[in-house]
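Below you'll find the structures, each written out as structure tokens.
Two complexes, one shared chain (chain A), two partners (chain B, chain C).
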Partner chain A sequence: MSTNVTLMPERAAAQRGDPPQGVQSSGPPVLRRVATYFSKPQNGLLLVLGIVLTISTLAPLVSILIDTVTVHPGSIDSDRTGLMSGYTLFNWTDLFDRSTSTKEKLFDQNFLDPTVNTVLMSVFSCVFAIIYGGFFAYLVTRTNLKFKKYLSTIFIFPYMMPQWTLAVVWQNLFKSAAVGGGSDGLLAAVFGIHTPQWFYEGLFPSSVVLGLHYSAFSYILIGAIFRNMDANLEEAAVILNTPKWKVFSRITLPMITPAIMSTVLLVFSSSMGSFPVPHYLKFSTLTTRYVEMSVNRQGQAGILAVEMMVFGIIMLVASQLTTSGRKSYTTVTGKSGQTQEVNLGAIGRWLIAAIFVVLTLFTSLYPMLAFALETFLPNPGDYSFLTGGGWGSLTTKWWLTSENLSESGMYGQLGVLYNTTIWKGFAGQFWVAAMAALAAGTIGTLVGYCVAKNRRSRWANFVNNMAFLPYLMPSLAVGVAFFIFGSSMGIFNTFLLLIIAGTIKYIPFASRASLNSMLQLSNEIEESAIIQDIPWWKRMLRIIVPIQKSSIISGYMLPFMTALREMTLFMLLCSQTKIITTELNYFDEMGLYAFSSAINLMLIVTILICNAVVNKLTGASLDKGIGGN
Partner chain B sequence: MPQITLSHVTKRWKGFYGVDDLSMVIDDNAFVTLLGPSGCGKTTTLRMIAGLETPTSGRITIGDEVVFDSAAGIDVPPNRRHVGFLFQNYALWPNMTVYQNIAFGLENDKAYTREMVRTRVDEVADIVKIGPFLKRYPAELSGGQQQRVAIARTLAPKPAVLFMDEPLSNLDAKLRLEMRSELQRLHIETGATFVYVTHDQMEAMTLATRICLMDNGVLQQYDAPLDVYHRPVNLFAADFVGNPAINFLNATGAQDGAGVKLDIFDSKTVLFTPSAAMTVADWYVAQAAADQDVAEKLEVRKAAKGYVEKENKESNFRYRVATAGELGGTPQDFSDSETDFVVGVRPEFVEIRESGAFEAEVYSSMPTGMETTVKLKIGELLVTGVIFGPAIYTIGQRVRFDIDGNGIMLFSRKNGRLIATGGLRSA
Partner chain C sequence: MKKALRAAVACLLAGSMLGISACSDDKPEPGPTTSTQLTGVAAILDEAQGMTNEELFRRAIEESNGKTLYGIGNSSRGATAATAFIAALQAIDPSYNGTIEWTQPKNNSIFTILNADITSASHEFSMTLIQDGNQIQTKMINTGNLLNFIPKDWRDATGVDIDANGTPLALQTLSKVFLFNNLDVNANYTNVWDFVAEGSAPMFMGVNSEPVGKNFLYMLTEPTYAGYMKEAFDKLPAAQQAYFQKTVDEVAGDVEGLGLEGENAKYALAWIKLWVTQYNEKTDDGPICNDLVTTSAAGQSALIVYSKLRSVEESATASAANVTVAAYQNDYAGPGGYGYKHYLMIPKTSPLPWTAAAFISFMVTEYDGFAAWGKDIGGYSSNPNINQDHSEDGFVDGVDTYPAKNDKGYDWWTAADGGRLVLEDPEYASRVSANLSDWIDVAANG
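Moving on to the complex of A and B:
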């Protein structure tokens, strides 16, 4: 009632023929058109967002390019050219110089091998993630598998945990001193099983670990299509006497192709940009090579970053191509509720479930137990308590040491519980994650809103792509870009730089979630409010935001949870003790593996608690939001 | 050519009976509609015949072949039943063009060469008039065009039996009318047996050679459309078929010679004369015997192994008596007395005339040009009538009316079943 009353004077004014308040009253037609355009808040907002995002996304990219031709004093380009400043093409010519056999070797080592390795690793990760995750999705959605609910929750654990978790676990499980030197893993130490080197280092474990990590992702995407797909489509083919394999290859597979494509794109670019996994598993990829080369071949390392960016852009183009086209895959749900589940057989449904229960145990609970155990071992790989030492061979010193004088094995560090470096790093990570999430969530939601409001405009499309680009950019490449950008701005090693980098990298999470749900929201909902002359901010706060609550929350939550366990993106942007994930390297370098384990454990527990709390409070969850198309 | 037989087909999910002990015969070349409110089991029945759903028990034959028999353990998969199925949402494959969609089923048949496939696709495309769209993808077609493609795809392999699950419900009103007559034409042209699910009684009435009316998983009536209309077996059937809906009038009375003397509209006494000689008392005796028989059969079923108590029990249909001021009418309970009746009057039997026996006030009047639907208020009760021709009434006008014709129905208020049809005149 009250709204009616406040509206009355304006209505009356309009009826009297008074010129409407606003923009269209004067000026030449062009100006008027511009004014009309901006009278819609979403248009102005879109323009601002477009400019800001273009600069913040493109400027770092351009700065890497420039960096590759800039002279870096103290590095090889300055040394060889004799220049102390200015520009040179030395880095490009030198990296690709294959004139002598030494140069050829360097080329292989610095460019060709890492490139080939990276592509192989990314491809295998994709294949693994899609087969493992897709098969699991099929089992859960289409068969009468046992323990579906439990399995479906536990299956996405690897995605919630930091990427390197499984890499570290793999190492600790399979490492073999007899084969590769160093300390023994659990299997070698306790059972005397020595796995070959290819099994615990290099391409194979890297691909499997990344594949496992992202299989959760493919499970969620493919599973969503299986769930929403109209079973009538398959039934229609069955009625026409189509063989089973043909139904699968001609109908089911094409239907899940979009999900497979988006999984491929994401897994490929994420695997490529992953540093910790190949780092722990000692595999030479573009990321690890970049870090090694950046010490004295900074400019050439930049070329590797450029290469990763190029891959990212190829992925973006590929993603554009796959989503356009004449075939529309909108899944109209029919009476699919009546689909019959595939019967796995009385034994099959238990057996397959049991296999998955065991497999997922190794990717969920076991890592936590293993990390916890590591923090009580007197030395890394010292499993003497199992082989005869008894409980007495375990120690609590890594947790409880409260002074740094008597214990010589801890390099002057206090135990985890008393260690301010760790707690400060933890707080730092939290702060960065929270701020980046706040910024990314807000910007992403607005992008989603503005783009949804201007569906057919090219500019909106462009802004959407700009916001989406970092999604497919390998993390390390984005990190490099912001490292160069931040250094030139004088904000290296500040929380501000970390937050900016995090914001840009995570906007896509929010903009995707929000765009997808905004597109479902019919324009009329807002138009009915416009008709009643309700101001824009009020429409947003009272109508749009409440309706889109859950997608907006996941727009904030996904960046938060991801930033909380982000290492690759941040590791070049600050000193190692600034945030907790980079402290992992710090302690690893000191040989304090128990500390790393403790940190990993803390991270996992924190993420699980956050996810559970948010899930309880809002119903949103990490597994429901990712990708989300 | 196939005749479809269902005997004692039951489908239940735990204690919920989707279809309960359904037996029926669908004649060759028939056009049978499965009609009923949503959730009554009609789609489940159709899917069971097609093989997309497995019955819990019972036996289904198509032609000479037993396609399902729970006792014998026979369950022929849907692809071996040689039937066509038209889905409500068309289920066109979005990744294939119209041509590919139609050709897909033919390509599975080794008897078809590539050339024959092309010829056949063109043929069916002509029948449903989608020739120009063969190269398009389904997403590029309108709803009506998609519907035609779906029909073409179903017709292409020349199925002898064609199942349709609410095929017209996603179309707009005008298109629906057009497609309705198309389907009728297709039925004649193809000579196939059509089984058609709908919740739209108009569609069922106009298309079917026989209507199978279901409610709560139980077959209510299986008759030709006009029989269902004129001789509905119970209050539910009478109410579900016919638009505007039938008028139900509560009545009390007793046998009076060859007729039944009834009090309706509170105090008006009328005499109901059955078209065929019968007495209410005899009818109740026959009913009791029939009920006994059904109960015994149920006992046998209950004694059988694996019987599960039915959770969704049949409850008496709560018929509604239209009253002024209450939308949709007032729901009525059944009574225990054999002197309580319900009189069913189709709107076309209400006749407004000067000499009418009852006096009423015009409550609403809706002329369409061809006829006028009037609601008459008599006391607090409303009676709906359809007056043919361009009659105009003003709201509030006082008129007199009669209940004419020999199609008046007398139902028992004790069990809701039809006792007899006949004529009504004031006594």
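Moving on to the complex of A and C:
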């Protein structure tokens, strides 16, 4: 977009960075420079945002560090040092003490094993997500695959669900009494198929479930690159008779490498911070160990949180490196007007589509159906209606029970429709998600705008990193940080703390969406308004926002939808009935799968409705990713 | 790959941690000071301890009319008891319109929430129903954050045991009992050692996710309960004794180092070691119960809250008749499970201490106050006068259909010639936990 205005003196001054006429000052040069700097609203805003983000991001992190050297009454540090308050290095020395065989074993189980397990789980999740999501992205964006629209929508369902619900579904499907004790899962009960224990507990299922959950992420990020990739390069290679594998490895792969790296970083840090998936699938990781150790080794558990933070910072550095690497590709990622779909063949396009229809049936539709069915079973996981009980054994009690005096196998709970705890929790989650999204979306958009306007400034770069850092921090570590921070501020177990934590954690969604789109926006657009003395806020509302509305709305939508099903970040910050995801986890842990399934359905339907409404109104959509266009 | 990663991490740490040493030379601070001049909530509770329910209820009405009392507890039934309490106050004063909001955090987070509330600038919670005597002692009583209140009407009631249930005040003792699925006729659980026999994997909540389970293991080393373990061991066939003897000999050397007393402690330790390496960890007693009652769980066993059996809906594949309470077998030897308590306490920062005291007194002295728990098997009030009889809960139309549901009651369960429940003692558990906790964690990982 360009403007046809004559270059006026004011514009020339604006291009030189001179202040507008009204702010010419006559003081000393330093003051003049300061006045000039602050005459641009984006500069003042950047300063304020930088200070706020630095404090809000770093203060909780410093709190964790302090907590690791603080004495906790009732914990081992207090017991062994005899202190009831104050500071000690006991937690650090004791956790890493390997002087005796007992200490060595404790070191292994409290630190080494969880660390190694976490790294392995995160790596395998990345590999799975990249291969599965990336391949799917290629098929949807670059081939003539059938059922694209359906598959594109259904593929991201696992990302909409709270991540551990897939873990629960996995266990209920594959567990076997003959192999691991307890009762049979659906496959064993109905078909007599007994899977080995490693298949439904431990590293393998944890990695697969997380990989499935984040493959949607991979699809969104890699798909965006594929969509915008210039097909001319590949076409030129084909014209030159280059073999297909060479085209892929020499042209396609290098172009999507930045997206793959972004996905790796995001999936790695997200998997690392996952608590519920390894918890349900019985795999000892840093997060599960953190929760276990916080009973009587609270300070040492804090060290695990510090370790997760260190991983987050490593991710940030890696992200910086890959982002700088991405610059070399931007010259070739201009949208081509000649995108050509790869022909999968008459049978291939149907066959591959059919395979994905079946796969997504298990990862998306089956869980939904299982959730719906679960709410009508007589006992949690009791599929006796399939094995001789008949349809008559199904019940509506989980929905319709209106009193808790007569025991109806409800563990003292009212049915979903009458259960005010569930509805209050849902309202609480909605409120937190809406407020966090509003704050994160607004701050993130402003960060993106200010950074784009000061793209060569080191301060802008720093603010951008501060805004992005929480995203690469594992959720549990951020949760721990805000738990300690919130406790010391007296706002523990309040919606305020949840909203603050959600805001900080999700600003990156908005800041990245905003920054990417603002960078595409020519300065000329605003300059023409500056020349006409249009105030900054009016320029934003009348020019910037309307042009970038799709990206900006994505910056609000993604935090909202993520917060709506977020549990790990919030689980340490409030009681379990305050919001619906912690309540959902409570019901899952209690084995009341009918309630957790009903809540899952409520969440998914809510997200789908929101997605559809926003898509209808603005064209932005979750499956099209950040930026939405 | 895993080994290489482990080695790399270990090497990095060994280098980085050299030189770190304890830096604190602080002197231990004294515990909470006792003052003859009580103030604030402590003073109110001191006065309240001399009042009858009637007097307490009137003070509660004065204090909280039009207000909301926030309670927090490990049992969701606190909300039901709260409804009954409000009704009781309204029976005295129909215009009373106070309310109670009940929060139920799971497991350990209650300590976090309470401590955060107590140390914050504004305080929300007026009372708590809390479990895990060990942590209550070390985190809440030793720090003075929770205060004890013994109602006069409870103290004066016949049959209450102030020493056992007064400090801190216990609402009830809850039992977790050994159960097994009886559909496998070859399954044999007539001795507590059968649950740790070779190949046995009883379902149980993780001892680090529900610490009362770990308290049970601590309590097993107490001389009385260690004695039960030895007695049960002596009743085993010679072949089984020989099998377990290896473990007993292996851990015998640890007894002194762990500060345990009594010659039978090694039997308790051996059982604990086998238990923590063999049990099948589950997230909660609910899913364990769901599993155990199914036909596909034939021969499986578990140690879970007894009252969970109440929620089994009879179906083609699930039935309470499929399970047997191990201790109800005539020839059963050893503890039949363990008992832990729900305690009622008041934060030192309670915004409505009179109402909190009245509510607590209501729950431990009045039938309606305990009815929320009393209507079920496996929960026994600290005031025997308000317990309900559940000895025939398994009868349907006069026929003993679900024998596992016939609760034999607190006296039987705690008797040395009955269920031999291992009862939680906060003082003992907190004394041995520092050493024993690590020992258990190491044992669990082989």
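As a working rule, the second predicted complex is superposed on the first by the 569 of 629 C-alpha atoms of A that agree within 3 Å, B and C clash if a C-alpha of one lies under 4 Å from a C-alpha of the other, contacts with A are read in each partner's own complex, and residues count from 1 in each chain.
Going forward, contacts are C-beta pairs under 8 Å (C-beta built on N, C-alpha and C of every residue); 3 or more make two chains touch, one makes a residue touch a chain.
Note that this is a predicted model, so its numbers are computed, not measured.
Contacts of A:106 after superposition on the shared chain: chain C is touched, whereas chain B is not. Of the two partner chains, neither chain B nor chain C is touched by A:392.
With both structures placed on the common chain, the touch criterion links A:89 to chain C but leaves chain B unconnected. In the superposed pair of complexes, A:28 makes contact with neither chain B nor chain C.
Set side by side, chain B and chain C differ in how many residues of chain A they touch, and the one touching more is C. Those residues of chain A lying in contact with chain C across their complex are 73-74, 76, 78-90, 92-93, 96, 98, 102, 105-106, 108-109, 111-113, 115-116, 119-120, 177, 180-184, 188-189, 279-280, 282, 291-296, 378-385, 387-389, 393, 395, 404, 407-413, 483, 486-487, 490-493, 572, 575-577, 586, 588-592. On chain C, the positions that touch chain A within their shared complex are 1-2, 5-6, 9-10, 13-14, 17, 20-24, 26, 28-31, 72, 76-77, 80, 103-106, 108-109, 111-113, 115-117, 119-122, 124, 135, 138-140, 142-143, 201, 203, 206, 208-209, 211, 280-284, 286-294, 296-297, 300, 310-318, 376, 433-434, 437-439, 441-442, 445. Of all residues in chain A, only 230, 232-233, 235-243, 246, 250-251, 254-255, 257, 326-330, 332, 334-335, 338, 340 touch chain B in the complex they form. Chain B contributes residues 43-44, 47, 50, 52-54, 77-80, 82-85, 87-89, 91, 93-96, 104-105, 108-109, 137-140, 153, 157, 165 to its touches with chain A in the complex.
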